[in-house]
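In the part that follows, the structures are each spelled out as structure tokens.
There are two complexes below, and they share chain A, which is joined by chain B in the first and by chain C in the second.
Showing the complex of A and B:
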């Protein structure tokens, strides 16, 4: 049964991503992307990585998508013209996707995914995950943290305001 | 419960990452120092960067014949990494030497420039010394992200903006391919360690023909071939090279290319040795395509930066020939060629840095009319570098091409070597054309704006010495390159 759920979720994730990149309305695209992240989170859960699943929901579907929505609202990107066609055509994919994700979630909550064929042969508890992260992949963590530092330096440079720039020129003269 | 600090320190061997660590510490120190310096004064930052590179060179040489491993087998400072580290440091050093005056001339004396060069050099080092796909990938990201910023550094120039954005978008796209390939290989072998992947594939020969393995190999090569600027993943090169600040272009043509070759060699030769017939036939075709596209398109260019971009594509093709050969001569030939290419290409770009006016509209063939007579030293230097890029003895370019094509012939790829030599003959046309303009055309200007800035002149002299040394006495460095390969 786990295998069946996996295929349903993969199809849902693919469909949601496809819808996300073809929508003209950015808010709709974000909603579809949230569906894709939920489907991915459940796939991570099936694979035996509950912590990553939780982060997928909290960080990607939660924090980052909210950020996207804020930016869309700030830039007022919503297209003026309303979508054509009967209402059910627009609602069908969303309902289908959320329905299948909710059903899969309920199935996974009732059944034990670790048991039975198709289940993961390794279950990464948060503690295992932490050991792996800071023991085996310690260098990778360091490099990533370092990368964030100078990505911030670059973002600061590229996004620096014009006024600072003009004052800098004044100093040179 | 175990002590977490103890746990974290179990696998640590700082000697294995010492070179990149030193660079990063210096880079962060310069960032801090910049805060307290008056704006527009960057000479001290460039001097500290040079010191940083020298210290790193000393530290890195500790790894020669004294391999250091650490961090759960994720990183190794072996001869291979040390040789490439030296190439990166050289590229960064020559770049920084030629930058200071250039940045002031163009009106962007920015303190962040030097730390970013140091950071990207550290990323290149992680790529060369990474023995785990994770470290190699992160090294590539460190390298690329600094370069995206550097390419778009002239914020008020449209061309520079275009270069930065184009490089960023296409680079991110190609990184996606690389990551997908890594994921597939991890799915096959159950490990990201390069040597373990090799062991797994030799223990399970049935997996070698598995479509997932082959797809992983192909997707991963796309990621690296993009950085190498091999055809058909070269479309970004001319625009980015032309739009980016000239010293950054110089660094981009040598550092990342060598780093991507280092990672490609380590992964293909150590990890995917079982798929050698697959990747050989792939690279065989791409090498020929890259050489032909690079050389033939370069003929039509009138802007020198753009011409050197296409020439850098062609040189990537020559170096790929060595990887196709996959024997000791060919592979160590790549190491040698990358070092030689660093000298000759950075030298040529240093001349362009000095010859350019503010805004660089004159870096065309016409702009160089009579340049050799008006500026004899720069003319002679440019001639030496162009001869080396052509592959004329006694310059480094000849020795490098000689080793690589010798390796190809030794492995039985005679046609590949012949096509390579024919391509070199084609390249004579566009390199010689620059020399013709420099010496056989009447000067239209007196080139009075060319100021012989000390740093750039020093980098030109270093490059000339390197080109001639590697061309006349290549044996010693070649012996070291042979010791450096696996």
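Showing the complex of A and C:
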């Protein structure tokens, strides 16, 4: 049962990745990559990592990919011409991928979550994860939080507009 | 029966596809997305080995990889915006000034 779900999900992840790296239109590439991340999140769930699976959806598919989408649309990078060919041909891959991912999600919801194949019967609950993270790796968490702060400051500094730059030089009227 | 090898092979294929995308695509934002994909392939092998060994440390390292990816996306996209303002393009072929 879980084996079949694993094979379907890995096929979905590979197909989505292949589509993502071959699309001309970057918006389509983002959509396919989000599908790949959803499939990978379900594989993480099979492997007994429910919290990491949730993060995969929230951080990667939710935050980072939407940021990419904003930038692509802000810079108007999409090619002008519309795609050729009949409609179903353009929609078939994305419908196939979303359908298989939804079916696998429903199957996993009904199946036993702990019954992961391969290795010991390992299941990391969010509580175990929090203990491990904030006891053993507390210093690393602090360093990573500093890194996020520096990244935010760096992104602001690099991406500041011409007006802010002029004001910093002091020749703003 | 699925062993840890299946997960590692899937991870290797995803990593190879990401590398292929980085090497063949010319759009800097798509190259960035391929780098995210490679980080995800590494996450998969971390979690597969964490499951195989019954050890939590792999999942905790995935947390750190994710924060690094988020920071990288923020700074990298700010760089793209600045570059686009100066050159009106996002193709990596136009960023060859530093090439030896």
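Heads up, the rule we're going with is that the second predicted complex is superposed on the first by the 127 of 173 C-alpha atoms of A that agree within 3 Å, B and C clash if a C-alpha of one lies under 4 Å from a C-alpha of the other, contacts with A are read in each partner's own complex, and residues count from 1 in each chain.
Operating definition for what follows: a contact is a pair of C-beta atoms (placed from the backbone, for glycine too) under 8 Å apart; a residue touches a chain by one contact, two chains touch by 3 or more.
Predicted model, so just to flag it, every value in this text is computed and none were measured.
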| item | value |
| --- | --- |
| Touched partner set for A:67, first chain B, second chain C, both or neither | second |
| Contacts of A:134 with chain B and chain C, given as first, second, both or neither | first |
| Partner chain in contact with A:55 - chain B first, chain C second, else both or neither | second |
| Contacts of A:158 with chain B and chain C, given as first, second, both or neither | both |
| First, second, both or neither for A:146, with chain B first and chain C second | first |
| Touched chain A residues, chain B compared with chain C | C |
| Which superposed partner A:21 touches (first chain B, second chain C, both, neither) | second |
| First (chain B), second (chain C), both or neither touched by A:77 | second |
| Intersection of the chain A residues that touch chain B with those that touch chain C | 136-137, 140, 144, 147, 150-151, 154, 158 |
| Residues of chain C defined as touching chain A within the complex | 1-4, 6-7, 10, 13-14, 17-18, 20-21, 24-25, 27, 29-30, 32-34, 36-37, 40, 43-44, 47-48, 50-54, 56-57, 59-60, 62-64, 66-75, 77-82, 84, 90 |
| Of all residues in chain B, those that touch chain A in their complex | 4, 7-8, 10-12, 17, 24, 27-28, 31, 38-40, 70-72, 74-75, 107, 109-110, 112, 115-116, 119, 126, 134-135, 138-139, 141-142, 145-146, 148-149, 152-153, 155 |
| Contacting residues of chain A [partner chain B, same complex] | 131, 134-140, 143-144, 146-147, 149-151, 153-154, 157-158, 165, 168-169, 171-172 |
| Residues of chain A that touch chain C when the two form their complex | 2-3, 6, 10, 13-14, 17-18, 20-21, 26, 29-30, 33, 36-37, 40, 43-44, 47-49, 51-52, 55-56, 59-60, 63-64, 67-68, 71-72, 74-75, 77, 116-120, 122, 124, 128-129, 132-133, 136-137, 140, 144, 147-148, 150-152, 154-156, 158-159 |
